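What follows is a group of structures, each given as structure tokens.
Shared chain: chain A. Partners: chain B in the first complex, chain C in the second.
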Partner chain A sequence: MFDLLEPVVFAVLALGVIGSGVCVVILRRITAQALLMALTFASMAGMFLLLGAETIALFQVLIYVGAITILILFGVMFTKQDERGYGLFFQQQTPWAAALVIVIALPVTFLAFSFKDPITPSAKGGDLIPLAASLFTDYAFPFEVASVLLLAALVGAIVLVKRDEG
Partner chain B sequence: MTVPLGAFVAVSAALFFIGAAGVLVRRNAVVILMCVELMLNASNLALVSFSRRAGQLGAGNPLDQRGSVFVVFVFVIAAAEVAVGLAIILAAYRNRPTVNVDEIHEMKG
Partner chain C sequence: MPIGPFGIDPVIWAILRLVIALALAIFVLLNGALAQTLLERKVQAWMQDRLGPYHVGPYGLLQSVADALKLLTKEDIRAKLTDLPFFLAAPAIVFTPILASFVVLPFSSDVMGANLNVGLLYLTTLGSMTVLGIVIAGWASNNKYSLMGGLRSAGQLISYEVPQILALVTVVLYVGSLSMVDITNSQPGPLVNAVFLPFAFVTYFIAALAETNRNPFDLPEAESELVAGFLTEYSGMRWAIFFLSEYGAITVVCAIMTTLWFGGWHGPGVDALPILGVLWFTLKTYGFVLLFMWIRATLPRLRIDQLMGFCWKVLIPLALVNIMASAALILAFADPRLPLAIVNWLLVAGLVVGLPFTQRRRLLRFRSRTRETVALRDVRLAP
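Take a look at the complex of A and B:
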């Protein structure tokens, strides 16, 4: 009975990820889309937990579910959203697009299911210590570069939206 | 009974295709930004799954976390990207009040 817990949790999370992902693309109410995107990210955090990557799941909740969703909601709030529908949905390219998707997506699906290795639970102690050790020793220089990138993005975002005085 | 690696990779591929379809189909710049975030997140799932597999196969260090380290950098890039992307959308919106990418067709200020 307990054996089935992991597949059931995985099925619920996969449904959450794919269902709300499809809704983000299809729906036309922008606030609902933004919140469904947050649901996708939260389900994805559950998947990271299932994979035994607790630290990544925590970052996912903090950065994606927290910060990025709020930023997107600010973007929604500051701009006027018109009610125009899909641009390209019902045009003549649809059969070609479907054919192209089948050509690309089917091989990718078969390739994905060809990995059959089981995922076993991680070792005791989680992934925080090896992750931190790797990040601050082998990848210390990329870490610093990433911090400079964040600073540049911060300054750039402020400069881009700053109103000209007078 | 454990979930095979392929299931995680399949979910990741599905979400990536959903995001790509959204980027191509939708015309609202904010929605396009959301779909790009979905694609980035799908790539994160694939990276973490393969990182788990590489750690289990005993290829070198069992504490190998290179995939997860890469995911941390993807988080940083995603945060920077959404901040600058929204700033660009707002700057373009101030110039011409629309978020429809069909109507934003010139870059002249």
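Take a look at the complex of A and C:
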């Protein structure tokens, strides 16, 4: 029934992810960049929905759109809003970056086209219990490593911005 | 060719269903907002020994219709230096998640948009998205008061999201499901979750007041300090959309409280006549809406440091204690209801009794510090 609909939705979402991602890099207005980044995250959440992973999609929106983008905007409001009147001066790595992108993009494209039969997931993505079980058993170590890393970043941020008590 | 419901092609039916659902959600939202504006003014008037609106229609019942017409026909005013695309987008960003929230509200056992098995998570997610619109509105207005309102709301809403979600966690632990329908069905009798988990309810209620920018937490639009906060530059229909979203958000959080703690659509006579559930659900929800209005008419506004201090130093630690205790009790007892109720009521008593105590100590400390500062200044100023 949705044979036709799915590619169309996918195309719209892909356009949202890639288009707004490119705009984030190209545009020079910092608020527009922040909002377009939120759009990228939201489109990614749509991709997850399309794959049947509702929980991941909701967490994606909750954390990235609902919290991180707002923190970025919060920071943006305290910065000066002038347009940058000069080009990039010290950053001349564009050819290197382009070469790197090609090096990474080629195998990724190759891999993407080598998939033939999609593996249907055993558990439905909306089900929270298998997700939680695998997170706290099979992936407990990466989970802990990630949380320690976040904690370190948090402490580092506090140390960096802390004023000396005078 | 497969035939869908009513003999309509399934693809067309899917689109048609979307249109019907959207129209119904907008209908419910608009009428809820109309009813609530009138209720708000009438209830506050009664509490302050006034009459409230009484010119339009019998007892002023048509006042909100007149207001809506006025707002629709108002001139669209924009300040010259607003950041136009964002200024136009902000009301939509605020309104859309609220509208989408109505999908999972279980009005009755068979009247609901969708029975998502992560329904509660869906509601929290959408609730967190409105902040984005408010912050953008404050920034795009290019006005210092608006910016202050936007910044305040960013701080306030992000902070109070934490106790709000922590309060939901306790109920989810107890029921064992995130689906709104499962949570409703877990409390069919008069022993609703509020009896066993009152502390989670109190936490959620306070956090919900803050999340919907209601008194005593209406700092983002504090009219005596910030003109109207992030709403200052908005007028006409765009302003109305912000207000629609505010009343929509109130309806949604009240519906969440009804579902999670007060048995949702369950009530006398529902088993015989399921459609009666809509009535019970609406009545319970509007009970909480009235409670919100009562609080608005009663309490003064908090200061921003009190607001943040209360969230981070009181609500979040207590909510975490509550989660730990509840999880332990649910694991330890086969029927955890009585121990849960004891711990929760103790926590509520602790909050109610302890809060004035600690506040008084803070106030005394603050006063003595002020006195010291003044004394120091006097010494310095002395000839």
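The rule we apply is simple: the second predicted complex is superposed on the first by the 113 of 166 C-alpha atoms of A that agree within 3 Å, B and C clash if a C-alpha of one lies under 4 Å from a C-alpha of the other, contacts with A are read in each partner's own complex, and residues count from 1 in each chain.
Keep in mind that, in the parts below, a contact is a pair of C-beta atoms (placed from the backbone, for glycine too) under 8 Å apart; a residue touches a chain by one contact, two chains touch by 3 or more.
Since the model is a prediction, treat every value here as computed from it, not as a measurement.
Undergrad: In the superposed arrangement, does A:101 touch chain B (first), chain C (second), both or neither?
TA: First partner only.
Undergrad: Looking at the overlay, does A:112 come into contact with chain B only (first), chain C only (second), both, or neither?
TA: The answer is first: A:112 touches chain B but not chain C.
Undergrad: Who touches more of chain A, chain B or chain C?
TA: Counting residues of chain A touched by each partner, the higher count goes to B.
Undergrad: Would you sort A:66 into first (chain B), second (chain C), both or neither based on which partner it touches?
TA: second
Undergrad: Touching A:74 in the superposition: chain B (first), chain C (second), both, neither?
TA: both
Undergrad: Could you tell me if A:54 is touching chain B, chain C, both of them or neither one (first, second, both, neither)?
TA: Second partner only.
Undergrad: Could you list which residues of chain A make contact with chain B in one structure and with chain C in the other?
TA: Chain A residues touching both partners: 4, 55, 59, 67, 71, 74, 76, 127.
Undergrad: Which residues of chain A touch chain B once you look at their complex with the stated criterion?
TA: It comes out as residues 3-4, 6-7, 10, 14, 17-18, 21-22, 24-25, 30, 33-34, 37, 40-41, 44, 47-48, 50-53, 55-56, 59-60, 63-64, 67-68, 71-72, 74-76, 78-82, 84, 86-89, 97, 101, 104-105, 108-109, 112-120, 122-123, 127, 130-131, 133-135, 138-139, 142, 146, 149-150, 152-154, 156-158, 160-161.
Undergrad: For chain A, which residues are in contact with chain C within the complex?
TA: Interface residues on the chain A side: 1-2, 4-5, 31-32, 35, 38, 54-55, 58-59, 61-62, 65-67, 69-71, 73-74, 76-77, 126-128.
Undergrad: Residues of chain B touching chain A in their complex?
TA: Against chain A, the touching part of chain B is residues 1-15, 17-19, 21-22, 24-28, 30-31, 33-35, 37-38, 41, 44-45, 48-49, 51-53, 56-57, 62-66, 68-69, 71-73, 75-84, 86-91, 93, 97-100, 102.
Undergrad: Residue numbers of chain C touching chain A in their complex, please.
TA: 2, 10-11, 14, 83, 85-86, 89, 116-118, 121-122, 124-125, 128-129, 131-132, 135-136, 139, 147, 150-151, 154-155, 158, 161, 178
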